[in-house]
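I have a structure I would like to understand better, so I am pasting it below and will then ask my questions one at a time.
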Amino acid sequence: MNTALLIFSTITLAGAAAAMTLRNLIHCALAGAVAFLGLAGLFLGLGAEFVAFGQVLVYVGAVAILIVIAVLLTRPARVAGESPRVEPWLPGVGIGVLVTGALVAMVKASLVARSPEAVSSPAAPVKAIGEQLMTTYVLPLEVLGLLLTAALIGAVLLALRDPGEARRP
Amino acid sequence: MLGSGIVKGFVETARNFVGSFHDPGRLVTIEYPDERQELPENSRNFPMLVYDGDDRMKGLRCVACKICEKECPPQCIYIEVERDARGKALKHPRIFDLDISVCMSCQICVEVCPFDAIKMDTAFELSTDNRFGGLLLNKHQLAKPNSYYRAIHPLEAAEVDERLAAEQARAAAKAKAAAAKAPAPAAANAVAT
Amino acid sequence: MFELFDQLFVNLKHAVVGALPEGWQVLASPLISAAAILGVFASLFALTVLVERKGLGRIQNRPGPNRVGPAGLLQPLADFIKALTKEDIVPVSADKVLHFLAPVVMLAPVLLAYAVLPFGRNMVAVDFDAGLLFFFAAGACVELAVFMAGWSSHNKFSLLGAMRAIAQMISYELPLILATLGVVMLVGSLSLVDIVASQAGHHWGWLARWWVFTPWGLAAFVIFLIAATAESNRAPFDLPEGEAELVAGHLVEYSGFKYAIFFIAEYLGLFAVSALAITLFLGGWHAPVAALDWLPSWFWFGAKLAGFIVFFIWVRGTLPRVRVDHLMGFAWKFLLPLVLWNLVVAAVWWYSRGWAFAGAGILRWVGCAAMILIPYSLLGRALYTRHGLGPRTYRLAA
Amino acid sequence: MSTLQSFLIVSALLFGIGLTGVLTRRNAILVLLGIEFMLNAANLNFIAFWRFGPNPEALTGVMFALFAIAVAAAEAAVGLALVIAIYRHARTANLDAVEELKG
């Protein structure tokens, strides 16, 4: 357990926990961005530079901004006296805790615990990633391009104002 | 070609930039406290009282007729006549106050003054740290010598001087004629005083 | 002799690190790099502000600041003292924590971006394999800081300004990144050190082999410059701060040193993106012609950076602010198609590298240039006539 | 405890936080954020297994994480557009207020 792992996992988990518990939606979204940054740090520590920087670019640069703008577009950040949780919230927390506990227990009990430390520290060179994307993974890449285009058009169409709808004052 | 206008703009600003170093005509900025602009002949700011001779108070042309006080649109002038011991009005202001925080530089007082006593000054550095007393000028502060008036408004002052000289000459001629007509009373008067 | 000057700073750092005890060396090396970057670029910021104010003054036919010190040279110091001593006002209804954090979050990623830029031969803090991506990832964090500043101020102008800034930055990030892709495609690496190394050597023995000397490279460079101006919120794309309509955008409620930090971050971002343009298109620290190779590499980098700063000041003094709908239309309808097409041209350039017949070089050049210029002209004309913005005639003016 | 295991535990905790958030928060946007956390936890698993796996030169985990990030971006865009569309219809983004889809 090295220091970098400890720091970045703390940032990630604290950010995620804050994002799921804070009352103010904007604070939640920003805490989420912090969690994404921490995850990028974890990826960097694991030697996956490209994924780490991609994570920051996509999640902090795009998804967090999208979430923040969606929050601003949908409702005032703070509604007095309104609970931020669904009404019977205990079962949800219970299920979450149960699932987490089961996962952790399984990880602890699994063969992984006895697996030796990795001796080599592999890197993912950008060139190799690019070459694989263009050879082995070319079909997924094309499908992904199609999916992103479809998502773009779909998002625009969904968020477009209905032509019949009158302009709000 | 598309975008040529932008290139033209760049050339223009570059010409300005380079030109500002070797062409002094381009730099129109006057660095005010260090160098001062020559004020134009017709510039005006607030009124002043012109006096002749050396004595600031004796030489005042103002006779306290109060025409300017009545005519002043924002009513920034306050005049009281000097009276002698018997209560007879002397042709002289005891108080002549002018509030330059109220004055709007309309020059109506100058237009109506029959004695060419009130004229427009060009001084503009009148700021003070006291907005009540500091901006209320009394007759001592308002009094300016005729030479100063000549310096700031040479053309206008020459005309005024000419007119005043003509008036004086006319008055002198009249007095002379009167003296010729009735020398005795005049002589008697002279003796009496 | 050349070696001594060229590697002056590298050797200096090594000497300092070597003099430290063993355990400290790992920590000292990055710290020294960071301190050097911070020191150099913070003083460059002070200098730039002065040069900008004086230069803009000259462009507008006025002398500019000249009261503090000889010829106004101490103006940055006066500005600094003023920023430090000004009262730091936090609005009552503001989100105090975010209001405090926003300038920090703004400055930190900008400084991080400097880590991957090669300032000279062997002068790079971290040579990431995905350095370019790191640069853009760091740049992406700035948007969040702008939002934090705008939202936490609890002021409608600052929120509007932040929204505009975010929309503008996201829109112009696309052409910015796509413009760099041509270079990445031909070099085959995202590492900025590799990209600089790929521009070594000379055409015909004297002209440097920079990417800007290719048709697609020139087009990508111009698009990159436009997008970079917009990314760093500089005139003529400084709408987020549009004083006339938004007072100062997301900076409305900031004063004193917090405002100064935003200001510094903005300028440091400008330097970083200029340095990236130098690295990608202008050969990084390589000399422009072979005859000038004897000057040290860091000198060339600095000279190019100075050129960029002067250019950006010139742009600011020349072009009026763009209207907000034109700004978005320009990015999405004009720059984006052109930059995508430019990638195709870069590919054509790449595949035609093996041509060996007579006049192949000229044909390749002219062909690629035509492939860029014709769509540029056609697209531009089409967009302009649709908006009724073609060449204008004035009825009353001569 | 091996390093791989600690990464897996971090990932499990992140997944748990995301799941709890999804189950308890009322606001649709935060539910979406919780889903993103769960996706990210999966990504962390992929990268960790790639790093400590037997043949890291295959880059499979990295590839999967990259695709997952791209898909997550698309998902976020469409999801948030849906939230905005629902908000326009129901004037709220709270999930328990939009119950018309219930069978």
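For clarity, chains are labelled A, B, C and D in written order, and residue numbers in each chain start from 1.
Throughout what follows, contacts are C-beta pairs under 8 Å (C-beta built on N, C-alpha and C of every residue); 3 or more make two chains touch, one makes a residue touch a chain.
This one's a predicted model, so the numbers in the text were calculated from it and none came from an experiment.
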Furthest chain, CA centroid comparison against chain D: B
Distance between the centres, which are taken as Cα means, of chain D and chain A, whole angstrom: 5
Interchain centroid distance [CA atoms averaged], chain C/chain D, Å: 34
Interchain centroid distance [CA atoms averaged], chain A/chain C, Å: 29
Computed distance of Cα centres, chain B from chain A, in Å: 78
Two or more partner chains touched - positions in chain A: 50, 54, 62
Contact graph of the chains (line, ring, star, complete, other): line
Interfacial residue positions of chain D with respect to chain A in the complex: 1-10, 12-21, 23-27, 29-30, 32-34, 36-37, 40, 43-44, 47-48, 50-52, 56-57, 59, 61-63, 65-67, 69-78, 80-85, 87-88, 92-93, 95-96
Touch list for chain A against partner chain C, complex: 26-27, 30, 33, 37, 40, 49-50, 53-54, 56-57, 60-62, 64-65, 68-69, 72, 123, 125-127, 130
Residue numbers on chain C that touch chain A, as the complex places them: 95, 98, 128-130, 133-134, 136-141, 143-144, 147-148, 151, 159, 163, 166, 170, 173, 188-191
Chain B-facing residues of chain C, complex: 55, 58-63, 66, 314, 317-319, 376-377, 380-381, 384
Interfacial residue positions of chain A with respect to chain D in the complex: 1-2, 5, 9, 12-13, 16-17, 19-20, 25, 28-29, 32, 35-36, 39, 42-43, 46-48, 50-51, 54-55, 58-59, 62-63, 66-67, 70-71, 73-75, 83-87, 89, 91-93, 95-97, 99-100, 103-104, 107-108, 112-118, 120-122, 124, 128-129, 132-133, 137, 140, 144, 147-148, 150-152, 154-156, 158-159, 165
